[in-house]
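In structure tokens below, several structures.
Across the two complexes that follow, subunit A remains constant while its partner is subunit B and subsequently subunit C.
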Partner chain A sequence: MNFWEKMLNIDRRWIYLAIAIIVIVPFFARMGLPVVPTREVESIYNLVDSLGPEDAIFVGWDFDPGTEAENQPMGVAVLRHAFSRHVPVFITAYYPLGQALAQQAVGGIFDTRVPGNYAFVPWTEWESMRAAGFAGRDSLETAWTAAGHALPEGARGWVFEGVDYAFLGYQPSFYLVILGMGTSIASQYPTDTNGNPVPEMPILQAHKTLRDVDLAVTLAGSTTCMTWVIYGTSRVGLRVAFGVTAVMATDYFPYIQSGQIVGMMGGLRGAAEYEVLETQGGYTDVTGKAYRGMDVQSLAHIAIILMVVLGNIAFFAGGFNKKTALKARR
Partner chain B sequence: MIALVGGVIMIIQYFVPHRISQDVFNYYTSWGPIVATFALILGVGSVTRVHMYKIRMKSTNWAYSLAVILPMFLMPVFALLPGSLLGGTDGPGFFDFMYSRVQIPIQATMFSMLAFYIASAAFRAFRAKSLLATVLLVAAVFVMLAQVPIGDLAGRWLPNTGQWILRFPNLAAKRAIELGVGFGMLATSLKIIFGVERGWLGGAGE
Partner chain C sequence: MYETIGIWVAALFTLAIYSFLYKENPLYRLAEHLVVGTSLGYSMVISWQRMIYPRLVLPLSRGEDWLLIIPAVLGLMYVTRFFPKIAWMSRYPIAFLLGTGMGVAFPYDMQALVLRQTQATLIPIYTPGAPWHEILGSIVIVFGTLAALIYFFFSKPHKGLFFGTGSKVGIWIIMIGFGATFGFTVMGRISLLIGRVQFLLSDWLHLIH
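On to the complex of A and B.
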């Protein structure tokens, strides 16, 4: 067995070890490489950036834990952007597991022990102000702070349940739910995940159907994202943006060109681009998990390219392209 | 007959904006999730029957069937247990614990292992054996470098080339595939609605 053959027959556990080291090291030695946003992500960011308290968006947690590393930072970034601009957000989930991941995401954003997060006001806690008459978000916030509630140190603002945010959660046969929300959101979600009455919420009174919603961002690790296009865009003209895994991203470029989707965050890179845009826009002080993950992904991609190159050098230098087969490998 | 009537009504309804048509549609979308929920019971029953048979017969890998059945029935039981079992009085229950400490790490680990397999496969199998394979390999290198910021260090031309591959050649190929798949789905749907294709009713091969 010559050198090239030995190289091609290398025990695959060495390759696994190399990848493990390459993936772990950047967490301790940050590179901080610059991320340049693409137009596919910028178009989503610009659309959310143009919205305000009178508008509304849906964020669909349409993935399960398998793709959490890629999809979760996208959802967190979009939520932070929306909360900063007081754009009301409806949260839904295609899978039961997606609902739990969404709860983890909002739980992280509402943890005011971490600077830069948002103080959450549950629906039941501002009941007395509701009883006095709801007259818009600004007056609610004024009344809330006048009642002696101080914004925790480091927090960026308040998020009022039922005004800024409604956690609708999971429903079975979600494609039918999207169809149904085209005529009435309340008919599909009489209560939210906390059991609060959705039809009474100001967010719903201002946005009764999907026709009143400005954007749906679906975060998916499978073709479930297409459900929003098929039943939302084509039926009621809902604007949809995708946040999909990197391996899926290539499938959806035709939908961007045809105008069926507004834009797309592809993989961890897409989430990192959104985080960079948010930081540049002044909505966050520091970039998030996705941006930190780009160092790892950079080195992993370089390592895989090097392996492809080395594998090809060994293959051709050893003359294996002229032989029928290599000897047995482990 | 139910598929035929239901399918034709839903097609006609889509093109008729009259109130009666909308009422039919709303009625259907209200009933749909309810029917689907009961179908879930049917699904659980079917999965249980298949795996219980494997366990009873001690067929090959029957222990995996046990790994399916036990969590499927234990998780609803965990959901009913109070959070106080974990030490707190109003904290998350055992169900949340099992979800966040067992299910999420398992699924995330399974997906993460792909990185190791891809690296090994790239080294062993990604060869420039022919012109087409070389084109694929070069395109893959450009797209991979375009997806990470380290590619920008070589200059904007590199990520721009990767993005160009995604936005034009990739888009054209995907569109062709999607059109083919779309026409195929249309033909299959019509065959099901009009009863030409009945394989979904079961009994295939009988």
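On to the complex of A and C.
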């Protein structure tokens, strides 16, 4: 076996080891390579940025743990943006495990031990203020703070359940749920995941159907994202944005060109771009997990490009393109 | 306390799964089977909590909506698959779901996946005043789509200017598409590894913040 054959027959475990080292080391020596937001991500950010407390968005946790690394940072970034602008958010899930991941994400955002997070006020805790009559979010916040509730140190604001946020969660046969929400959201979700009555929530009284919703951001690791386009956009003209895994991204660029989706976050890179835009917009002080992974991503890509180039050099220099049998080691 | 246990369990199972990269071993098998089992168990509990109990069992037990007996019976007919003598009954709910599913999906699928996508390729190649890169993009979309379609047209031999050259351009367009997809796939797989390494280094070992 000559040198080129040895090179082409290298034990793949050495390649795994090399990739592992390349992925681990940059976490300890950060380079801060620039991440420039693309038009596809900017269009989602700009749309959410143009919304306010009178609007509403859906964020669909339409993935399972297999693609958590890519999809979860996207959801966290969009939620932070919406909460900081007081844009009401409905959270849904296509899969049961998606509901658990969404709970994990909001749990992280509502953890006020970490600076820059949001203080969560459960539906049951502001019952007395509801009984006195709900007259808008601003007056609710004023009444809440006047009642002696102080914003925890480092927190960026309050999130009132039922006003700023409703965790609708998982329902089976989600395409039928989207169709049903075109007529009435409450008919599909009589209660949220905590058992609170959804029809009584101010967020729902202001947005009764999908027609009253300004955007749905679906975070998906499979073709489930198309359900929102097929049944939401086609039926009620719902604006939809995608947060999909990198593997899927090329499949959905045509839907941006056709105007069927507003924009797309593709993979961890898409999430990092959204985080950069949020930081530039002053909605967070520090970028999130996705941005921190970008140095590693770039280095790993360089390593893989080098391996592809070296593999090709070995293939041609060894003359294997001239029908020479490649002696594969068994 | 429970959070710490959860992190340790997640970390050890992550390592068990990655041990497959060295070679297949019982730890990997254990982790793989546990993933399937716990996912299924969790899904069943959530389905019961979110759907079966509040939307079926509760209204029926209160006598609020007797029409729910119909979907309940149809659902129970699925279970007959476990009993060979009456397994034929499970075909009816399957037929019902297939029929309604196809009926509901067909018009919306046609609209979103075929008509709107076709419409998006029927664009003017040249628009006065448009920047050059947009004009180039329009040319690629129109001729790229036509060339790729010609490649998949098998009723005529791929010879001559139209079918021969068209199919050759088509295969190049398709290959460029595959290349882009492969690039994104590499990015995706590395992202998943980054996610796990981030978890191991920060949540588990507290080596990075």
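Just so it is clear, the second predicted complex is superposed on the first by the 328 of 330 C-alpha atoms of A that agree within 3 Å, B and C clash if a C-alpha of one lies under 4 Å from a C-alpha of the other, contacts with A are read in each partner's own complex, and residues count from 1 in each chain.
One rule holds in what follows: a contact is a pair of C-beta atoms (placed from the backbone, for glycine too) under 8 Å apart; a residue touches a chain by one contact, two chains touch by 3 or more.
All figures in this text were calculated on a predicted structure; none of them were measured in a lab.
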Touching partner for A:312 - first (subunit B), second (subunit C), both, neither: first
Partner chain(s) touched by A:6 [first = subunit B, second = subunit C, both, neither]: neither
First, second, both or neither for A:68, with subunit B first and subunit C second: both
Touched partner set for A:23, first subunit B, second subunit C, both or neither: both
Subunit B versus subunit C as contact partner of A:179, first or second or both or neither: both
Which superposed partner A:211 touches (first subunit B, second subunit C, both, neither): neither
Touched partner set for A:254, first subunit B, second subunit C, both or neither: both
First (subunit B), second (subunit C), both or neither touched by A:267: both
On subunit A, positions contacted by subunit B and by subunit C: 16, 19, 23, 64, 67-69, 97, 100, 171-172, 176, 179, 246, 249-251, 254, 257, 266-267, 269, 297, 300-301, 304
Complex contact set, residues of subunit B against subunit A: 22, 25-26, 29-30, 32-33, 36-37, 40, 96, 99-100, 103-104, 106-108, 110-112, 115-116, 118-120, 122-124, 126-129, 137, 140-141, 144-145, 147-153, 156, 159, 163, 166-167, 170-171, 174-175, 178
Subunit A - residues contacting subunit B, complex: 8, 10, 12, 15-16, 18-20, 23, 33-36, 38, 64-69, 97, 100-101, 104, 171-173, 176-177, 179-180, 183-184, 187-188, 246, 249-251, 253-254, 257, 266-267, 269, 272, 294, 297-305, 307-308, 310-312, 315, 321, 329
Residue ranges of subunit A in contact with subunit C within the complex: 13, 16, 19, 23-24, 27-28, 64, 67-70, 72, 95-97, 99-100, 169-172, 175-176, 179, 190-191, 193, 226, 229-231, 233-235, 245-251, 254-255, 257-260, 266-269, 289, 292-293, 296-297, 300-301, 304
For the subunit C and subunit A complex, residues of the former touching the latter: 21-22, 39, 42-43, 45-47, 50-51, 54-55, 104-105, 108-109, 111-113, 116-117, 119-120, 141, 177, 180-181, 184-198, 201, 207-208
